[in-house]
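Note that chain A is present in both complexes that follow, paired respectively with chain B and with chain C.
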Partner chain A sequence: MKGLAELYVQQFKTTMAMMFQYRASLLIWMIGHVLEPLVYLIVWSVVATTGGGSVGDYTKTQFAAYFIVLMLVNNVTYTWIMYEFEYRIRHGSLSFALLKPVHPIHSDIADNVSSKVLTLPFMLAIAAVLALIFHPALSPPLWAIALFIPALLLAFLVRFLLEWTLAQAAFWTTRVSAINQTYFVLLLFLSGQIAPLSLMPHPVRILADILPFRWMVGFPVELLLGRLTLTEALMGLGVQAAWVIIGLVLLRVVWRAGVRVYSAVGA
Partner chain B sequence: MSYLRLLAAFFRVSIRGELAYRVNFFVQLFQSLLGLGIALGGLAVIFSFTDTLGGWRPDEVLALVGVYFLVGGMIGLVIQPGMEELIDSIRTGTLDFTLTKPEDAQLLISIRRVEIWKLIDIVLGLIVLGTALVRLGGKVGGGEAAVFVLMLVAGGLIIYSFWLILATLSFWFVRVENILVIFQSMYEAGRWPISLYPGWLRYGLTFIVPVAFATTIPAEAMTSRLSTITLLGAVALAAVLLLVSRGFWRLGLRRYSGTSA
Partner chain C sequence: MTLPAIHIRDLRKTYVVSQQEAGAKAALKDLVHRRTQEVRAVDGISFDLAPGEIVGFLGPNGAGKTTTLKMLSGLLHPTAGEVTVLGHIPWKREKTFLRQITLVMGQRNQLVWDIPAIHSFELNRVIYRVLPEDYRRMLGELTELLDLEPLLHKPVRNLSLGERMKCEIAAALLHRPSIVFLDEPTIGLDVTMQRRIRAFITEYNRRFGATVLLTSHYMNDVEALCKRVVVIHHGRLVFDGDLSVLVQQFTEHKTIVVRLADCEADLKAYGEVVSCLDGQITLRVPKAETARVTGRLLADLPVIDLLIEDPPIEEVIERVFAQGNP
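== the complex of A and B ==
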């Protein structure tokens, strides 16, 4: 346990040093992460204005709140592991990670978290500027703010575990880009990034509840917007916890099988 | 003329190279269809709540999506691969080989890499555009079509010059690939009519990153919304940027000869 803590601290330092080295790429990543929710915020605002001030159960200012919170939640939960993993396997650098006495997921988590720690202040500043421009309506009850924190952490875990598992498709195929893109399309529609899920057609909403995507992004956003009842919020946290367990099991099974295939190729 | 022959040669080489990986065609087709699915799915959701989007009717936005794919395909076909290789070859020094060739180096680097599977995006874009035009009915005359093609060419040249200027920056700075990533994410904003955006963003997407010229303006020409001033402005900007990027490229090259020695 102590060794693991040291590993995390060391990985924090390494990632921090690297991020300071590549400040420009940091900025660029952030532009991408701001622009997409911003575009949908604007498009839905225009639709709301045309429709006399609201669309479905969202007013213009509520759309602003939705997409600004979405931007932050998405920034906290996203991973780039699918690209990274393909690179590691293609270039064989995974072999070094396998030699280490700890599971490689630990350094990935530490790397991800430390880069988030660095970007979060900037994202909060951008969110503040967007709030000045678009006047979001955000007045959640206190309990929703309290539950938002565990919901956000669980969302991060669900997304990290499932994307880490999916990234291992690279053990079996060299065409992971098609798999990744399919995943991103599903994520875009079913996690609420194109529109709040309550505006989606009924079948899409059911699908979003069954699949893990809503629990990675949409659920914490809806929670902080005060759109869920206490029961719905608690049940949502339960579903997230269940997905964390499913993710852990899947990760273990797939990782064991994958490493076996990898060693066969690399030998 | 000889440049067209060169371009044809690069195309042939690229096709021969890619035919060894035929499954890639289906992978690319699949990915392009997914991209189109995102665009059309988003439109379907939005137009289930409204009839017009900032004054654009569904079929007009559909035409814009067609242009978005068409131009995106053109960028991905030659502009992007060429510029990425340019940045790489400046860093690794393999630009030397290009400079020793008896043709103009700027043209060579611009056309030598062809990503032929991006033709799929171009074809899909044309199909979407065609569908939109049929649904709009006979409102598109020969004049509009001519202006459309003119705006498409102007937009293409503006984007090309813009990328060349950015790629040329790598004579001074090592890591500029990321700027190209910025353009990719900015280009996504061109899937919607630029007029939707608030002023600051509209100016940004027109003059700082010229996405508007690539998608909205050609689509405006097709749906007869284009003012004469915009038309002339686009043509003038294309000419100016082409000259500026040429000059900048030469400036960068002078610096390169210093470092590779």
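== the complex of A and C ==
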């Protein structure tokens, strides 16, 4: 454990050094992460205004709260591992990772967490500015704020484990971009990124409950907006925990099979 | 008898490669039925390395050298045969095994590209769990031997190829591995840098008693570093033994260089004239006739100077590859 803790600290330093090198691309990346929810926020505000002040159970200011919180949650749970992994396999750098006496996922988690910690202050500042402009209606009960923290961490874990597993597709096919595209479309609609899930038709909502996407993004947002009962919130945390376990099992199975393929056909 | 550091018996690796022909019709046919072909990259090789030995692993491109190194370091699963390194089965990639080996690939890099190498060193320190005092000492030694001081704090992308290679080698050796696989460590480097790396490998082997298996296309590397060479071709073992024996075995000619007072002489009758420059004539003669031809030259002509040489090692190796089998 101590060894892993040291690895995480060292990876944090490395990630910081790298981010300092990539300041410009980091800025562009952050702008992208702000723009997407901002566009949805504006669109839904306009729809709410023309629709007599609200759409479904969301008013204009509630939309503002939803998308500002979503922006932060998405920033915390987002990963880029699918692109990264394809690159590693195509360029052979995965070989170096396999020669190391540590599972490569540790460096990835550490790198991911580090960059989140480093970008979070900026995202919070942007959220504050957006709050001044759009006057979000946000007054969650205290227990919702308290449960939001574990919900956010679990959302990160669910998303990280499943996307890390999905990234292994690169072991079997050179055309992972098709898989990634499909995944992102599903994520966009079923995680609550394009619109709150409560505005979706009933069958879509059922689908969103069954699939993991809502538990990666939408659930913590709904929780902090005070839209869930305590029972719903606790059940949600349970579903997230179940997905973490499923994710861990899948990751282990797929990783082993993937490495077997990699070491059979040429590393 | 000590146990071998590396033990290989009848090692094989077969790849299944899909074949594609040009043209739309062929592409359609491939869609329905993909044709594959088996490629035997390594086809039953056997050899052992004693602890502390430096061995040159030679063969033309595609001979199966890299495939073998990858099987030895655990990146590839052998199709058949036996391979143990320090008693471990490499493809199981046990942590105790991985901590004792390293693989340097001259054409690949493990250092993080955009930041100074020292960050990658520090990462390797925690990955291999090197104790702080051991790390400091090892980094000190590597810095001194490879002259890394001015390079450590520059972004890797700003280093020259040679500088980067020195940092790559240092990064690969910080955990002081006792087994070192070097896949063309001097590729693309200038002569001075090649010599530098060679001297370093010798020193590392001497100081730490490490076992080194090295591939290179530069025969200078091999001559300087390896007493013993293993030659493979088309995945099969062609030669395993002393470099001097290889030269003896595959050399059918000797080179005689004569300097004459009268440079107009025609020496065609004595052997094959390779070059004729400023009164210095280079002849190639069959090994068995060297003594007789030399005697005749000295008796017949006004010789100022005469030198008998083995052909350059490159030429010998070329013959080995061309022949395939002795």
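The definition used in the following text is that the second predicted complex is superposed on the first by the 266 of 267 C-alpha atoms of A that agree within 3 Å, B and C clash if a C-alpha of one lies under 4 Å from a C-alpha of the other, contacts with A are read in each partner's own complex, and residues count from 1 in each chain.
As a convention for this text, contacts are C-beta pairs under 8 Å (C-beta built on N, C-alpha and C of every residue); 3 or more make two chains touch, one makes a residue touch a chain.
No experiment lies behind these values; they were computed from the predicted model shown.
Aligning the two structures on chain A places chain B and chain C next to each other without any clash. Applying the stated contact rule after C-alpha superposition, one finds that A:135 touches neither chain B nor chain C. Seen from the C-alpha centre of chain A, the directions to the centres of chain B and chain C diverge by 80°, a value given as a multiple of 10 for the model superposed on chain A. When the shared chain is aligned, chain C comes close enough to touch A:13, but chain B does not. In the superposition on chain A, A:252 contacts neither chain B nor chain C.
By the touch criterion defined above, A:100 lies against chain C but remains apart from chain B after alignment on the C-alpha atoms of chain A. Look at A:260: by the touch rule set out above, it reaches chain C but stays clear of chain B. With both structures placed on the common chain, the touch criterion links A:90 to neither chain B nor chain C.
Taking all C-alpha atoms of chain B against all those of chain C in the superposed arrangement, the shortest distance found is 7 Å. Overlaid on A, the two complexes show chain B and chain C touching the same residues of chain A, namely 22. Against chain B, the residues of chain A that register as touching in their complex are 22, 24-25, 28, 31-32, 35-36, 38-39, 42-44, 46-47, 50-51, 55-56, 133, 175, 177-178, 181-182, 185, 188-189, 194-195, 199-201. Those residues of chain A that touch chain C in the complex are listed here as 3, 6-7, 9-11, 13-14, 17-18, 21-22, 92-93, 95-96, 98-102, 107, 260, 263-267.
Partner chain A is touched in their complex by these residues of chain B: 23, 27, 30-31, 34-35, 37-38, 41-42, 45-46, 48-50, 52-54, 175, 178-179, 181-182, 184-186, 188-189, 192, 196-198, 201.
Chain C makes touch with chain A in their complex at residues 15-16, 67, 70, 73-77, 91, 93, 95, 98-99, 101-103, 105, 108, 110, 112, 114-116, 119-120, 122-123, 125-129, 155.
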